[in-house]
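Below, each structure is written out as structure tokens.
What follows is chain A paired twice: with chain B in the first complex and chain C in the second.
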Partner chain A sequence: MEANTHFPDPSQVREELIQRYPTKVAKKRAKSIIVNDPQIIPEVQANVRTVPGIITQRGCSYAGCKGVVLGPTRDIVNIVHGPIGCSFYAWMTRRNQTRPESLEDANFIPYCFSTDMQEENIVFGGEKKLKQAIQEAYDLFHPKSIAIFSTCPVGLIGDDVHAASREMKEKLGDCNVFGFSCEGYRGVSQSAGHHIANNGVFKHMVGRDNTPSEGKFKLNLLGEYNIGGDAFEIERIFEKAGLTLISSFSGNSTVKQLENSHMADLNVIQCHRSINYMGDMMETKYGIPWMKVSFVGAESSAKSLRKIAEYFGDEELKAKVEAVIAEEMPKVKAIIDEILPRTKGKTAMLFVGGSRAHHYQDLFTELGMTTVAAGYEFAHRDDYEGREVLPNIKIDADSKNIEELKVVADPELYNPRKTEAELEALKEKGLEINGYEGMMKQMTKKSLVVDDLSHYESEKLIEIYKPDIFCAGIKEKYVVQKMGVPLKQLHSYDYGGPYTGFEGAVNFYKDIDRMVNNPVWKLIKAPWEKAGNGAALEATYVTQ
Partner chain B sequence: MKHAKTATQNACKLCNPLGACLAFRGIENCVPFLHGSQGCATYIRRYLISHYKEPIDIASSNFHEESAVFGGSHNLQVGLKNVTAQYKPEVIGIATTCLSETIGDDVPMILREYTKTYRNGTPMPIMIHASTPSYQGSHIDGFHAAVRATVVTLAEKGERQNLVNMFPNMVSPADLRYLKEIFTDFRLPCMLLPDYSQTMDGGPWGEYHRIPPGGTPASAIANAGKATASIEFTSTLAASKSAAGYLEEAFGVPRHQLSLPIGIKESDKFFDLLETLTEQPRPEKYEDERRRLVDAYADGHKYVFEKKVILYGEEDLVVAMTAFLREIGMMPVLCASGGKSGQLKQRLIELIPDLEEQGIKVREGVDFMDIEDEAKILKPDFLIGNSKGYTMSRKNNIPLLRIGFPIHDRFGGQRAHHIGYRGTQELFDRIVNTVIEQRQNASSIGYTYM
Partner chain C sequence: MLLRHTTKEVKEREGLTINPAKTCQPIGAMYAALGVHGCLPHSHGSQGCCSYHRSTLTRHYKEPVMAATSSFTEGASVFGGQANLLAAIETIFSVYDPDIIAVHSTCLSETIGDDLQQITRKARDDGKIPEGKHVIFASTPSFIGSHVTGYANMVAGIADQFAVSTGSKKNQINIIAGWMEPSDMREIKRLSKELGVNIVLFPDTSDVLDAPQTGTHVFYPKGGTTVAELQSTGDSLSSLALGSISAEPAAIALEKKCKVPFETLDMPIGLRATDRFIMALSKAGNVTVPDEITADRGRLVDVIADMEQYLYGKRVALFGDPDQIIPLTEFLLDLNMKPVHIVSGTPGQRFEKQMRQILDERSPETKFKNGIGADMFLLHQWMKNEPVDLLIGNTYGKYMARDEDVPFIRFGFPILDRIGHSYFPSVGYSGGLRLVEKILTAILDRQDRDALEEKFELVM
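This part shows the complex of A and B:
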């Protein structure tokens, strides 16, 4: 792939990006701006603090915990303990969808619960108000579960959300109440919040319901939040293939499913960054192996289905999976054949998430487009370089502050789904069990990898690379489009989707075609069209 | 359903620092800066952008665990230095968050220390500090706090000039452009603050901008103390919290407080004031606008008369809209706000003395659950307010007319007019069309003329 793609001289690009920074900042940023080589995989500095005043796209621990992981749950009343803003800003902004079985079934996603802390609560403490809020939510809805999320001031004024939750759980009797210490200042980004959420869900939910469930091939789908209906499409495919989904974490999930999830025989992980802790903890405690999959992209979906069938090792299942792929693929192929001539050879940049910047590259590859630069907002080194670097990651003060649960095998429920020998055999067949190879092995040589791209750097990269499309979020969207480059939102999908599975891939192809081939961009004169830019950085793009 | 009162369910207000960031965006060459966790800057950016569809950079001091424990002085200073180096701003507008306020960071002292340390090396932007803890008030309080802090920092004493300060409140970029047009037409020099008409609703960039063009220059704000008058559109803002109040107290600039000019009567008051200040009649263009509006009222009265409305939003917007709705014979059965100045009812009574006899209910400090409970009893013909009422509108099958902020489920919220004859005309047309559309959809005949 590399030979046919001409990139600007990446080391010059790197220089360009950092020259405006003060020396100390420049030195730090240089470690996060890396020229890729898929053969040797250079080290990327990631999951380190953003320098104050460098405008980041990162969010906070609360955003990762409540916004990302617990937000998509349907029947947990999520109460935000703090001043009003935090709850308001996470109120349905992530477009998580859910499908209650009937109109009577609980669905709290459209609600925004907050203790709306006032000055007197800051001065005299807010625990009393919190307990009242829990009581009121209980009286009103009788939910199975209530979760409490701490915002910045809560930790400082010393409110103990865990004690308050325990007290209310005992008092209410039939409602599982638990808290999260996900104050916004913890950790370096929303990533800390994911970890805190994993710990809480594992401690307070998983394993509470040991009812064995029907189904021959039982699995959980981890790290799928059902944005724009993504989980619905995966559920459709699973059902067709004869796979039984016990629980998703956490799009379109229910309390009952999450509590019963340890009865599954396999965990497949979609978003590695936000949920890998859960995979590891369930492995240790219950003996359920996990496997990295991706249902972003038609080819990747097919590949993931085959991997799952291989794991279960059942010939009938394998045949069924092949039948599903054979039925779905022609529809996808028909659309690709139509669109490809218009998208082939174009370039994309992806700076988003902790997994999306990796997986969406597959969809662009299917469209004949090249990813010239990519990076994550809040990922760790293992998401870039692969999990083999885990032992070498230095644990800094920020990571140390996030609780690492001590998990041991459950004396009664631990049941290794595969023997060591079986796992070895699967590995020999190319199945990566409990592993993830990361983003960089898949990217071309000399493509640029940038972690925690700042607002300033994104403008610089666009100026240098002039990509045909830039993928990020709403914060970047309108500044990128002011420069005449379309921006595809990969958090909210520009209010479209689903983009997973076979039907999702078709949606994505059509959306990208509409964006990159839209006549409106001809009306916008990009800044680089005005003056002669540095010739050394000019380049042409040729894809095979 | 009687719902609980301790907690807030589906809030009808946003947080204090959001308003401050928007106001700072209305100063030329200014970078808004939040002293607190980076999450606040990220959330507020994404929220403002969803309404304005424009980029907005907000810097942050990126608090971490030890800054939360030992104070944020170091982070604030590093942040200011980096923002200065990258963006070369003329002004940095610093707003606090609940985090820095809770730990009690003395921001003015930190800024003095910063200035002393770096005065001789780094170029020093003007630093404005507004105290905006999110556990007090709502977004509108942060907006006013930032405007006042800006004037307090920049306004200078001097000889009176032919100049009027205009403090428009949190209106749309389209409203701001209209105000500028009015002042230009009156040939009256005006210091409009804030002015985000271009920064939050601008064109594509033919060249790169670190900070989007537009906004009121600091040099113009410096003249605020020399103006002959200040006009502020608010019904509920205390002098002690208002920029105009400060200018009156510190520099003797007379403060003229008007309600947001929505409807003919309130718009008349504004134009009358401009006539008084300039000692000349309003330009014919505005007479025409007014005449067209009166004519439209006459043409459309039959559609809107006695229609029942639930109105919600910032208190000042609710007061102004109530005046307008009564003027066209509509019945605001509930005037509600998430704000809690304690003045909403009193201001409404001043407009409509027999408010209670007319059956107009007033509630402040409410959330959407409260409003929904009321809606079930009051059975309004439609709702008027921001996008956040949509869930309630859908659930109860009551049409929603979107005004104010935030509007993120319709296109062009930043270009909606609300104030003056022109804004009122647009609102009136939209209201009439909402009624017509509803009637047309409900009719089994399929009328093609309505």
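This part shows the complex of A and C:
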């Protein structure tokens, strides 16, 4: 891609971002602030500890495990073992929508469950209270599954949530109870929690139900959490194209779907960071290949559909996919033609998540806008540089603490969906199987890539670049807007969405158009504050 | 049905809290510290705590909420958090340059036994705190009390660590704000000015969490009680603590350290709690109440009298924080309404004692419960058994309100889906007027919605 000549000198920007830090901090941060070159991808320091005292966007392992991965499945009772706060803060705040089929179907998403640990539980141990809580949840709701999430003190006082879960599972008989050691201090961000969640779902859920399902083209959608209804839109498109969704991980999903997910013939991965472990483990154990897709952006959605059709290699499916694209695209095109003149040439910055900062760039490209700087909150080097760097990533002490499951082929259920030769043929057609090229190849030369952006750096970037829109989360929202720059939340979508698929793209175009062209940004200064206007002039008039 | 699994039958629970009517201490400490000018709250624990607290406060205020964290990892959790906090103090002063860092603990740092007093002293000894700057702290373990306790602990810490007694008294009264909104703090200051009493209000989040749009992000907004004001509280004539749970501990700390006598009052929510506040402040400041305030009071009484038919006997369920719902319950009774179910997640015997005083004579059959087991699940079950005409509580109440088809008024913390609480007070006579307006609007809108065509009223 061509370099954008309007950029300020990025290496100078980098110096400016770090100059105020104490020497050691500056040295560390410098490795995470990189001037991009899509041809020769430079190394980005990522997934390392945040310096204490730095105002970071990051959260904790518990947030990644319970909040992100397990939260969206509607019929699990998720009990948070700990003091009340952790469960309270994760109570519906991620907007995982779900649509139970009938009033009789279970839906625990609007509920918040906690053992509400008190001082005596910290001193004398909380396992007894936890088991009591599991029993009470079972007696009240009779759920298919109960999941237990450990918060910080649980690991320190030595409560064994796994043993307690096993005991209760045995006692209850018809309820699958399992625990997660996702204490907030594990790892360096939410990312550790994603991995822990993947391990738990793989161990305790996937593969429990071998019922073969109907459908010719069966797939799972991994790393889609149905924020703002994103999964609903993808479901709509899949259905139209004749694709059978066995399970999503985990937006709008159920226990049964997850347990049956190994019966699918393809895993497509939307959010690489949070769920790639699952893709790899299911491939090893069951022989299901995975493929990176993105349904963020109309073009990307079309491309992803074509990739899926190519994978299944069925001419009828390919034709149907083309028909769907041909039907959907003109509606998208009509809107973009209307909006483009108002958004073209504007600039965006994206600092969010472990995947979104990459894929939302596609939507901005469709709007004719340039991404001048981007970075993730909790991603790893492979999300920036592509999976080919995986063998070179050093495993540090913080990553070592996260269990790496030893997965082998299942003696009965392993069934390679494609032969080696078929996979080779697909690769030759340009289909990347089990691969992801990362964010940086797609970004322009000399754009800035910053991992784990701090508050201080974000204010500096805004001062220097004056972007037309900044994308981040709720903690950044009003800080950035106070600076007169609209901020689009890409965790909660500012309570809008969906933004995936064709209809989602249209929603996004309209929202961005509205935000960057909102007249309110021109009303910030009072008339008397504007130069050459106001009180002074009027005073002259009065004295005349 | 959103809460489709909530059963009508109430069963005692010992292990499981469902839909809590409280959250944890540190968020209260963070909120309190934002009411000190030039102060950066600091969460000594995992990153998640700080992130969750900032997010929740931001959603409630739709304003920047700046705070830092010790970013604990597994190593820090095993070997102690001292190194993290010392590093954090150094980083914060060089990058964010606050006048004060207000450190609060978390369940993690409390469980491993980090001693904030010792660590902050070490920071001073090691020269990590620049001349003229301050690091204060409060112990706020999440496994004791609630967010209200955390607020009270931080406010007490602020009083204890800043107040100085110089030996000569100043002609001023301390007003210690219980957990209230920036709008409420602004109204307390306005009322005091109208009365003509010199006050130091702390903490004070007005002009911090209701900052204007200027095109610039002011990291330390102009509001907040200043260090000089806080230091002077030790020389004040007396203190008024507005809230027995969230404000009194600071008044006790001031009395202990600087011998400032205090009186504890309810938060001035509703007619009679405001009466008591005005009486107490006029007495403490030795002033007579000006006619304007009497007229404000009269306007509130006038509206209650004019609209009494719509208020009479209406059954209300409410949940929230003790210092707010105690005076609110009294106010509902003064409006001739009937509070029937009340829960508050914050533990403590003061709640029961004060509720008994209010309810025993006028509504002995009212169900109320606080502390462990007093959650919204229980409240919802009570509502299913004995239905109500109105629900009052934080945003989470909207799920119950929708399921039970009951009018709903947002009041308390957090309010995530409406604005207004930061701008329009609930305290004082004007706050009372606002509450009555909200209650009437909710009730009358419902009457309009449900009225038969021939019974649809033009004038109400």
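Just so we're on the same page, the second predicted complex is superposed on the first by the 520 of 544 C-alpha atoms of A that agree within 3 Å, B and C clash if a C-alpha of one lies under 4 Å from a C-alpha of the other, contacts with A are read in each partner's own complex, and residues count from 1 in each chain.
Please note the rule applied: a residue touches a chain if its C-beta (ideal position, glycine included) is under 8 Å from a C-beta of that chain, and two chains touch if they have at least 3 such contacts.
Since we're looking at a predicted model, the values are computed, not measured.
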Exercise. Overlay done on chain A, so just call it for chain B and chain C: clash or fit.
Key: clash
Quiz item: Should A:P527 be classified as contacting the first partner (chain B), the second (chain C), both, or neither?
Solution: first
Quiz item: Of the partners chain B and chain C, which touch A:F108 in the superposed model: first, second, both, neither?
Solution: second
Quiz item: Once the shared chain is lined up, is A:P289 touching chain B (first), chain C (second), both, or neither of them?
Solution: neither
Practice problem: Please work out whether A:G497 is in contact with chain B alone, chain C alone, both, or neither, and reply first, second, both or neither. | Solution: neither
Exercise. Based on the superposed arrangement, let me know which partner A:G71 touches: chain B (first), chain C (second), both, or neither?
Key: neither
Quiz item: If you stack the two complexes on chain A, which partner ends up touching A:R20: first (chain B), second (chain C), both, or neither?
Solution: both
Exercise. Have a look at where A:G53 lands relative to chain B and chain C in the superposition and call it first, second, both or neither.
Key: both
Quiz item: A:T93 contacts which: chain B (first), chain C (second), both, neither?
Solution: both
Exercise. Mind working out whether A:G438 is in touch with chain B, chain C, both or neither, as first, second, both or neither?
Key: neither
Quiz item: Following superposition on chain A, which residues of chain A contact chain B and also contact chain C?
Solution: 20-22, 25, 49-63, 79, 82-91, 93, 110-119, 121-122, 129, 132-133, 136-137, 139-140, 151-153, 155-157, 183-186, 188-189, 397-398, 401, 455-456, 459, 473-475, 477-479, 481-484, 524-525
Quiz prompt | Contacting residues of chain C [partner chain A, same complex] | solution = 1-5, 7, 11, 13-20, 22-27, 42, 45-49, 51-56, 58-59, 62-77, 84-85, 87-92, 94-96, 106-108, 111-112, 141-144, 146-147, 211, 213-218, 345, 372, 377, 396, 399
Quiz item: So in the complex, which bits of chain A are touching chain B?
Solution: 20-22, 25, 49-63, 79, 82-91, 93, 110-119, 121-122, 129, 132-133, 136-137, 139-140, 151-153, 155-157, 183-186, 188-190, 397-398, 401, 455-456, 459, 463, 473-479, 481-484, 524-525, 527, 530
Self-check item: Complex contact set, residues of chain A against chain C
Solution: 20-22, 25, 49-63, 79, 82-91, 93, 103, 106-108, 110-119, 121-122, 129-137, 139-141, 151-153, 155-157, 183-189, 397-398, 401, 454-456, 459, 473-475, 477-484, 524-525
Quiz item: Which residues of chain B touch chain A in the complex?
Solution: 1, 3-11, 13-18, 33, 36-47, 49-50, 53-55, 57-68, 75-76, 78-83, 85-86, 97-99, 102-103, 133-136, 138, 202, 204-208, 210, 391
